[in-house]
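One chain, chain A, appears in both complexes that follow, with chain B as partner in the first and chain C in the second.
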Partner chain A sequence: MASYLSSVTPTEIQMIFRVFIPFVAIAVIGMVIGRWDECRHQKTLDKLLCCVFLPCLSFTALHRYETSLRELLLTGLAVLVLTGLPPLLGRLFAGRSQASGVRGLPPLFRGGASLLLPLAYLLFGTAGLAKAVLFYLFVQLCWCTLGAWLAGGRCCPGSFFRIPSLYAAALAMMAAGSSLRAPEHLQEFVWLFEKGAAITAMGALPLLIINFGYPLGRIGWGGLKELLPVRMLGVLSGPALAFFLVLLYRRLGWLEVETGYDILSHIDRRTTEAVLVLGASMPASLLAPAALSRCWSPDVPSRLGLLGRVFTLCAVLFFIDSLIFFDARG
Partner chain B sequence: MSLFSSEMSLIVQAVLPSFTIAFFGFLLGRFDRNRELNQKTVSNMVYYFFTPCLVFSSLHKRSFDFQEFALIGGAALLLISFMTPVAFYFKRRARVRENGYCLPIIFMNTGNISLPIALLLFGNEGLAKAILFHMMNILVLYSFGVYLVSGKPDLKQFFKIPALYATLLGALAATTDPQLPAFVEQGYAILYKGIDVLAYGAIPLLIINLGYSMSATRLEALKEGMTGATLRLVGGPLLALALIYAYRLGGWLPPSAGLNPLAALGYRTTEAIILLNASMPGPVMAYLLNVKFDNCPQKAASMLAVGTLGGIMTIPLILSLITGTLMAG
Partner chain C sequence: MRLLPRLSILALLICALCTPAVSAVAAQKEVRRIAMILFRGETPAEQGFRQAVSASAQFEPAFEIFDAAQSREKLGAIFDGLDPSKYDLIYTFGTTVTQMALQRIDEVPVVFNVVQRPIEAGIVASWQRPGGNATGASNMVSSESAFRTLALVLNIRKLGVIYYDKDPSPRYQVADIAAVQDRFGFRMIEAPVAGTDAIAESLERLVKAKVDAVMFPSDSFIKVHADSILPVLNRHRIPTIVVIPDMVKDNGAMLSLGPDYFELGTLAAQNALEILRGASPSELPVRRVRNLRISLNLRTADRLGVNFPLQLLSMATLIP
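So, the complex of A and B:
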């Protein structure tokens, strides 16, 4: 373990900070905007992201990325375990009290969108972004089914099918996977449409981070102190469980550890692992589909755990670099 | 086989992605029947954070040329001063008392439409030049424009423009190269990265906001703004062409390629940016100022709507003029 950790070079630490510090700074800007607005316009940001920016980001990330069934299954299973297991255990240990179940939900359901997407892109490039989009969509599916069931006693699968990103991602995967091509004279139009979507997708990155910071403007330090110890469990359990899951995947041979001759495939597998761990370290989802709010709306104090996760994230990035990419560095 | 000729393809490449994004905004507005999206929040984000970052990000990456700044800024200033008496003449003819009528005729929408087109057509070089023009337009709007609608210049507002400081800092970063300790250099690299990420958001948000506004336009309200918008869309480019001709005659933008083709390309890009910006419809900010000072906002809104819709037709024409005449020369 010590040798793994000591393998992190100053250049790598610098690279992590080069992504992480701007990220925190932009989140602080979001917090400032939230304070100005008294957080009255969260809906504006949600609407922009849900209806325009996230679909464009999903499309741009996936339309040139060949998603394999194996990857879909691995990510889907990981999301199911990471998001479903803790609340189910919590429900088991806390008895069948619905209130405790609901309180446990927000920190345990990963906010796949707000933070994972920009972080994955800034850290791992387009491949990381594509994997993060898949993670995000599976989290949304869990929100609408398991999450809604745990919170309100019934699933809202219909909400999942109202998420525009789902259709953007499906369209992108179809475009990437099918051998059908647009007629030659239309290809230029298609390419220009993709360019428009790509420009919008890049705009999603700062907006997602701002959207994360926006509600933090409402957090009082008093409340934070009071609730921080309670949230610490949720904060630390996510990445710990994800590392365990990655280890299990490796043991089962689903994510081979050997570098082999194909270094690109090796890096791809490590990126999958990194995205799973990163996704599990994310704060609670503030971007639950708007439609879900009909069944259940996330409580405000749940947002208090967000700040603790920012610090955890920094530590997780170091662990990802030292434990997951250790072999890839050779 | 390509659908367009190479020149036409360039124009379509510059315009279609922007129109695609505007269409996303338009669709968002159409589906948002309760108008829940708060445009002020979006505008504030763009105005205070995204645009200053875009300005700084594009200025600090290239060398800052004061002569170029004088040429582009001077062109913006001259175009505004030429359009002012014309706007006042038509205001008198339309028997309108409020000066707010003149604002969408005098000033240009150099942000929402022109910046993305400049970036897509001329790359970062064009974007940086377009930003210089945009800055001058905004600075005059916040001083002279505010004076026109409120009766007094609002210097306080002028000095509150965040992009002003971004321009100054960008120019400073581009012109100075101090020897700093390594950790400070690393700190700068981190800062620049954050600014670059924020800058990504400026252009799509500007266009989506415009598309969203357009979705509320009613056809019956468009008649009122026809004269002003036509004046802006036709008068602007004509004045710009005259100005470019004068610049060429004065030797500030030499027409011949000379021995340095890169310098010649730079001159032509400057001319293209001047012409492109001059052909823009009125700015949304003019309407917001009219609303703020209650200075005939309805007519301004109508002019902006007609101008922006008309721009869909005139901008490709201007771009074909740019690629076919200015850049080909």
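So, the complex of A and C:
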């Protein structure tokens, strides 16, 4: 283990901090704004993100990305396990009568997945963003089906089809998969459209982080008692489950470990693993078991808990770098 | 006084016992003469080749090096003065040298190295069964792979490609890039260079076209003149991707995707040793490295304002 951790080079540490510091700074800006205007613009912000920025981001991420059926299946299965298993286990252990915490789960699923997008882009580039968008869409599907069932006793898959990002992603995948090319005289317009979407997509990244920080201005610090011990379990269970899942995928041969001749395919497989682990480390997955065990109510989050999560996320990144990317080092 | 004669006898005995062993080893190592014809001096590929051949327990290689110093005229002169029958094997570097060697040598086996497209260049009939008197190691990297590497870092709309238009080898790679441009949604801007004097003009064309990045195929001419090409592109903040890994370290290219040249040399040596043992080059498959390597120049990337994603930083060779 020590040799794995020592394999993280100073450049990589520097890179992780380069991503984290602006990320935290933007979230704090969002928090200050939220506190200042008492979160009056939350709905507007949500609508802007949902209807304009996220669709542009989804399109930009996927329109030049070759999505394979295998990748879709692997991501879909992982999301189902990561977001579905902890609440189901919680429900099993806590019993139906203690389902009050369950009501807070669906919004958490949703918020956490969208937070993954800027982080995946900043850490793993365009390939990471494309995979994160797929992860995000599968989380939305889980939210509308499993999440809705957990919260209200019935699924509402119809609401999944009202998500604009879904259509943007579908359009992008069709564009990436099709061999059709716009006529020469229209190409400049196509590129202009792409560029416009790309600019909006880049704008989505800080806005998503601001949106994450925005409601935090109104929450309290909470107590240390709240942080331990069930919460810690909740914080660690997401990434732990994801690492286990990655190992299982490798063991089953679904994500080969061999580098092979084409290092890019190898990098692609490792990026998929990294995004799965990062996605599982987002607040949504982290809070699910704690919420279900009734030790914490998702309606009353605490800043201290959030701080704990930020540190966990930082640690997860080091683990991703040392455990997932380690094998390929020369 | 009686000790000295005893010691002398002992020393004589040891010598007598060891001499046959030493001479046996010497007798086992057969001397083989290898001519190494290079285009741009010794690279890590030649170091790997020499090291691997010299490590053989069976042969004592005697290398003779001929360097064309990047001049086709000098290369022609080398071949004019070369008597192939004096050698057991001819080692060639690059497509141009190998093609010229095959035009003039047909009885001595040729082991080539760093040839991107041996089939297209007419050097071998197929990867598995070369057919003629040449086999070796290829540094083949598909242009699609190179583009995919670049796309990990940048969103490319216009991709410049600079190459020496008198060399057939880069043309195959340029054709490859052209074939994938629709699929990946970029436009290729070609910048062929006709000679040293035309470099500035080609670069100006790329800068004016506002390309998002420039790709360098495996091209000895461009490698030789890299010091007058890459600083100009870096100054205009244009990212570059190369196939020759040395260009990242020596010339300041941003990123490379390609085989390790030392390893390539070792692979070519394996074929050479097989031939020296009696195998026919026509039956020995052309070798390729087991996996490609990525090198990143962090200083150049910093200057260009490019951030490498974590997975690339973790898996690549980093040049500070």
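Convention: the second predicted complex is superposed on the first by the 284 of 330 C-alpha atoms of A that agree within 3 Å, B and C clash if a C-alpha of one lies under 4 Å from a C-alpha of the other, contacts with A are read in each partner's own complex, and residues count from 1 in each chain.
Just so it is clear, a residue touches a chain if its C-beta (ideal position, glycine included) is under 8 Å from a C-beta of that chain, and two chains touch if they have at least 3 such contacts.
Since we're looking at a predicted model, the values are computed, not measured.
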item	value
Clash or fit, chain B versus chain C on superposed chain A	fit
First, second, both or neither for A:L48, with chain B first and chain C second	first
Contacts of A:L207 with chain B and chain C, given as first, second, both or neither	first
Partner chain in contact with A:L192 - chain B first, chain C second, else both or neither	first
First (chain B), second (chain C), both or neither touched by A:R181	second
First, second, both or neither for A:I16, with chain B first and chain C second	second
Touched partner set for A:I33, first chain B, second chain C, both or neither	first
Distance in angstrom between the closest Cα atoms of chain C and chain B, superposition on A	10
Residues on chain A lying within both footprints (that of chain B and that of chain C)	18, 195
Residues on chain B engaged by chain A in the complex (per definition of touch)	1-4, 9, 12-13, 16-21, 24-25, 28, 31-32, 36-38, 41-42, 44-45, 49-50, 116, 120, 186, 189-191, 193-195, 197-198, 200-205, 208
Parts of chain A lying in touch with chain C, wherever the complex brings them together	9, 11-12, 15-16, 18, 63-64, 123-128, 179, 181, 191, 194-195, 198, 259-264, 266-267, 270-271, 274, 317, 320-321, 325-326, 328-330
Complex contact set, residues of chain C against chain A	145, 148-149, 151-153, 155, 157, 182-185, 257, 288-294, 298, 307-315, 317-318
Partner chain B, residues of chain A touching it in the complex	14, 17-19, 21-23, 25-26, 29, 33, 36-37, 40-41, 43-45, 47-48, 51-53, 56, 118, 122, 184-186, 188-189, 192-193, 195-197, 199-200, 202-203, 205-207, 209-210
